[in-house]
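Read through the structures below before going on.
Two complexes follow with chain A in common, the first pairing it with chain B and the second with chain C.
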Partner chain A sequence: MRVTFPHMGNLHISLKAMFQTLGVEVVVPPPCSKRTLSLGSKHGPEFACLPLKLNLGNFIEAYELGADTVVMAGGCGPCRFGYYAQIQQAILKDLGCALQFIVLEPPQRQITELLVKIKQLAGSRSWWKIIQALRFGYRKARLVDEIERVALRSRPREKIPGSTDAAYRQALDLIDCASSWEKLTAAQEKAKEIMDKVAVDFSRQVIKVGVVGEIYTLLEPFSNLYLERHLGGLGVEVHRSIYLSGWVNEHLFHGLAKGMGSGKEARSASYPYLRHFVGGHGQETIGNAVRYARSGYDGIIQVFPFTCMPEIVAESILPDVCKDFGVHYLTFIMDENTGEAGMVTRLEAFTDLLARKKEAKEALSS
Partner chain B sequence: MIGYVGIDVGSVSTNLVFIDDGGIIREAIYLRTQGKPIETVQRGLKELDGKLPSGTKVQGVGTTGSGRHLTGVIIGADAVKNEITAHAVASSLLVPGLHSILEIGGQDSKIIILRNGVVSDFAMNTVCAAGTGSFLDQQAGRLGIPIEKFGEIALQSKSSVRIAGRCAVFAESDMIHKQQMGCGLPDILAGLCDALVRNYLNNVGKGKEILAPVVFQGGVAANAGMVKAFEKALKLPVQVPPYYDVMGAVGAALLSREAVARKGTSRFKGFGVADTDYQAGSFECSGCSNLCEVVEIAENDRIIARWGDRCSKWSNAIRPEEKIS
Partner chain C sequence: MPVKVGIPRALLYYYYYPLWRTFFEELGAEVVLSSPSTKGVLTEGLKYAVDEVCLPVKLTFGHVLDLAGKVDLIFLPRLISVKKAEYICPKFLGLPDMIRRLAGIPPLIDVNIDRYKSNNDICLAVKEVGRLFTHNHFKIWLAYRRSLKVHRRYFRLLELGLMPAEALAVLKDRVKNEPLPEPEKITVALIGHPYNIHDPYVSMNIIGRLRTLGANVITAECLPEKTAGSYASRLPKKLFWTLGQRMMGAALYYLERPDLSGMIHVAAFGCGPDSMTGELIERRARTMGMPFLSLTLDEHTGEAGVITRLEAFLDMVSWKMAGTVGAIKSSS
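Right, the complex of A and B next:
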């Protein structure tokens, strides 16, 4: 069995580690590129959202590299994602790509439902081995997330443009290459050292922006036209509302690992603006916007793929939230377009506005 | 005479202005970009050079619009700024006490809300280009009327017909349907104006508080039918400032004045830029699977700028430009 999976930001680092520990052969699809997008939009249904198309492209490219099994998450509720595995499987079959699908549905009641699926992948390997693999993969996810957080803090303050990105790539590589628990501990220290070495100027005034929205477009930089990097370059410190490890913990492990930022807080913060689940991360988007506004962020940016229903619901509620708290927001809807000029213009104008507001506020309070 | 040049390179038009030291607009040129931004800027500069009295000294240059980075590199701009900031700067100078700016250009539309002379909120169209100048242009072309006559004809309407506004495709099929039913041209055009204003206020305005004084600018402000439709929808008087179609360029010129005052010198390469040979090209980098489209600008066969590479391998290979935008 040669297993592949869809790309979503740095998810591959964690999944690769997990499968390799299990002794399952892994084919990591090439990173999302224009080719991935072209393949996906050629073979995917026109009306589907960007994540379906990119993932379909990932699978085709992985198949070309010899993958024979796809592992992906399923889902339920009003977001179409729950149905994507079936659609993609049917499309790939028509294309003559013989790929078997193993769909990890979020457990409805308890974690054992998930473990059964995992057993299907692991074959005769012991439960002990499986748990080890899950722990190892999850640990990598948390380390990767931590590196991302540090990068978001240092990018707007870096003294040499581009130094954060270079360190970030190096640090991720170290985590990715560590093949055992002990080696990962060493890599963790080395990665921290590399990230700490980036020369930053903490006296610099930065604007703080919280990014909310649909998980895929938040986590996969190719799909959001490298939004976080552009913002960092404009001197904006970004806080992202969803991280991979938090999502995995909540949706697949049912909150087994305690003390992670949970969606529960976000959902309760969404009252009274949005009182119930609207699919995807719609409710979390509103809740996180409220939380950012309460914690004094200068602005909020929402990203989602074109036609994403839960986020469209959230988009229509955001103006009210922002009006009540006096913060500004900007929405980006991502689709096949790869021209970044329009986005950069809006981001520039948005940061100009936030910077002037901040200056005015500080002038008043001093 | 000494002064500043502002250049707004948009999708449809390229505008150049010359303002004197006191901020008075001395020359304004409106050209069609026609997909050739470099040539158009060169043509505009030549024209501007010819119009200005001899001995005029350009103290600084600013660029804005979607072609601002490209143009900035070519002419040596002192300020490279987005259109929102440029429009706000220009309008607040020309219309003191301004509260709302409605701007509709070729490919984009925006709303800027000002309070106490500073931008307090703005929005730009997101996924939809319905209701922008290009669509009006295309419809005028389809109906066989010159775009300059569009507003005049729309104003003759006694009762406008209902046209769907939220999508250009819906609008077009609605227009064709009403036209085949026998509705008059003025009524259809007035209906289209109403529809576009409705779409603008919903899609871009999104409940923002639009207070008087309101100015309407950008190329579409030339359309009297659109002005009337806005006044009807907002129940407020809508002013079209005298230089409504070159406001971005005015803003860029004003921003360059600020920038030059800050750093003392200008990077402007002179009007000779108009006769210099520039080539813009792009190639796909095969260094990694990102396959970035790298754009290269060459001046007399010497590469002066590159962009588009995510890893900065190509852009860093030439002298890093001072950050001006």
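Right, the complex of A and C next:
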């Protein structure tokens, strides 16, 4: 069995670690690229959302590299993601790619439903080993998220342009290569050291922007056209509302790992703007926008794939939130036709606006 | 003076209007329906809805605005789930929140209709709405029973092959059913969300046009829910959208019917569930060799283009039935 999985940002680091600990052979699909996207949009349904197309492209590219089994998550609606696997399976079958699917559905009643699927993957390996593998993968996810957070903080303040990105890649490589708990602990120290070495100027005035929206387009830099990197380059400190480990904890482990910011707070903050969950991260988008606005962020950026249903609901309501709190917002809708240059222009205009407003506010208060 | 309750002629109006109407009238309210969809109604909706929402939701904005000033309350429930373990669509879940922002509209009755956990949870919604009009629980219960009876009758009429507009006319006038017209040679299955295919403005009167062109039209509503459900359960995973499941089940059922000559799938531009179910239906139709036409509707769709495509499609279907297409295929 040669297992592959869809890309979503740095998800591959933890999944690879998990499968390797289990002794399952892994084929990591090539990073998302123009080719992935054109393969996906060529064979995928026209109005399907961008993640479906990119994932489909990932599977085709992984199949070319010899993968024979796809592992991915499922869902129970109302967002389309819950039916991705079945659609992709039908498309791949018609294309002649013989890929077997193992879909990890979020446990409806008990966690055992998930464990049965995992056992199917792991074969005869003991439960102890499986749990260790899960823990190891999850640990990596948390470390990677930590590195991402540090990178977001230091990028707008770096003294040498590009030094954060270089350190970020190096640190991720270290985490990725660690094959055991001891090595991972060493890699963690080393990665922290590397990230700390980036020369930053903390006296610099930066604009703070909260990024909300749909999880895939937030986590996968290719799908949001490297939004965070562009913002960092423009001197904006980005705070992202969703991280991989948080999502895994909430949806796959049912909040088993405590002490992590859960979506609960975000959902309760969305009242009275959006009074009910709408699938996906629609309610979290509104809730996090409220929280960012309350904690004095200068702007809010919403990102989602074209035709994403929950985020469209959020998009309709976001103007009210921003009007009530007096924050500015910008919405980016991603599909296979989005141009990076156009996005950069809009980002530049947006940051200019925020910077001027901030200046005016500070001049008034001083 | 009785309270005037407005019901927008949009979305699930096509399924539940008789039920809602009877319920409110039994409780002593006056029901006001928004005017039929027109360009004016849609334009009004387009002004206030974000660009990304689908056509039927934009139209709902228009219908709600049409009711503003005419009624005391607007019935716009949050239709989360009308059947256990199924949803409608994320946009239905957020609809009252999207509409509430509009200025100058009367208060909404935005009760949660949520049968996701248990089918009996509908009672909560019934009670909540009923209490707005009376504190007599028995009266509420009676109103609900009566409206349910009308609802069942309406669905039986739909299963007889009547379109919602015709079934509503039968219910309203209390006339006897007219004998159904002689079946035509060509039978076309029209698969799409009820609010897309049954709104003559949105669908550009596709049902009427097909009939004029000499085709019988059958829709997912002509099929008992149970049959549709059992056919839809052939899918590898249960679809979690009630309407999508019904469309999918109907499509699978009709594709196996020997008297079916073609299938038309109607989707609104950017519709999420349709992008998935449409893909599955199209793939299935292709493997079965069934003539298939996919129409996408939005506020810009030109009428002439749709008519041309319908005519071409029916020509293709009749050629195939006459054996011409098959003959060309076998000779080449």
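Criterion: the second predicted complex is superposed on the first by the 365 of 366 C-alpha atoms of A that agree within 3 Å, B and C clash if a C-alpha of one lies under 4 Å from a C-alpha of the other, contacts with A are read in each partner's own complex, and residues count from 1 in each chain.
Convention: contacts are C-beta pairs under 8 Å (C-beta built on N, C-alpha and C of every residue); 3 or more make two chains touch, one makes a residue touch a chain.
Here the structure is a predicted model, which is why all the values come from computation and not from measurement.
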Exercise. Once the shared chain is lined up, is A:M309 touching chain B (first), chain C (second), both, or neither of them?
Worked result: second
Exercise. Once the shared chain is lined up, is A:I317 touching chain B (first), chain C (second), both, or neither of them?
Worked result: second
For this session: Name the contact category of A:R35: first (chain B only), second (chain C only), both, or neither.
Result: first
Exercise. So, A:A360: does it touch chain B (first), chain C (second), both, or neither?
Worked result: first
For this session: Once the structures are superposed on A, label A:R80 by its partner contacts, choosing first (chain B), second (chain C), both or neither.
Result: second
Problem set entry | Superposed model, chain A: greater residue contact from chain B or chain C | C
For this session: Report for A:I333: first if it touches chain B alone, second if chain C alone, otherwise both or neither.
Result: both
Problem set entry | First (chain B), second (chain C), both or neither touched by A:D352 | first
Problem set entry | Partner chain in contact with A:E182 - chain B first, chain C second, else both or neither | neither
For this session: Would you check which partner chain A:F47 touches, where first means chain B only, second means chain C only, and both and neither mean what they say?
Result: second
Seminar exercise, completed: After superposition on chain A, the chain A residues reached by both chain B and chain C are 306, 333
For this session: Please give the residue numbers of chain C that touch chain A in the complex, ascending.
Result: 49-50, 52-53, 78, 80, 85-91, 93-94, 96-98, 101, 112, 235-237, 239-241, 267, 269-276, 278-280, 283, 296
For this session: Provide the residue numbers of chain A that touch chain B in the complex, in ascending order.
Result: 30-31, 33-35, 161-162, 165, 226, 306, 319, 328, 331-333, 335, 341-342, 345-346, 348-350, 352-353, 356-357, 360
Seminar exercise, completed: In their shared complex, chain A is touched by residues of chain B numbered 66, 81-85, 108, 118-122, 124, 126-127, 206-207, 288-291, 310-312, 316, 320, 323, 325
For this session: Would you tell me which residues of chain A are touching chain C in their complex?
Result: 45-49, 74, 76-80, 82-83, 85-87, 89-91, 94, 103, 273-280, 282, 306-310, 312-317, 320, 333
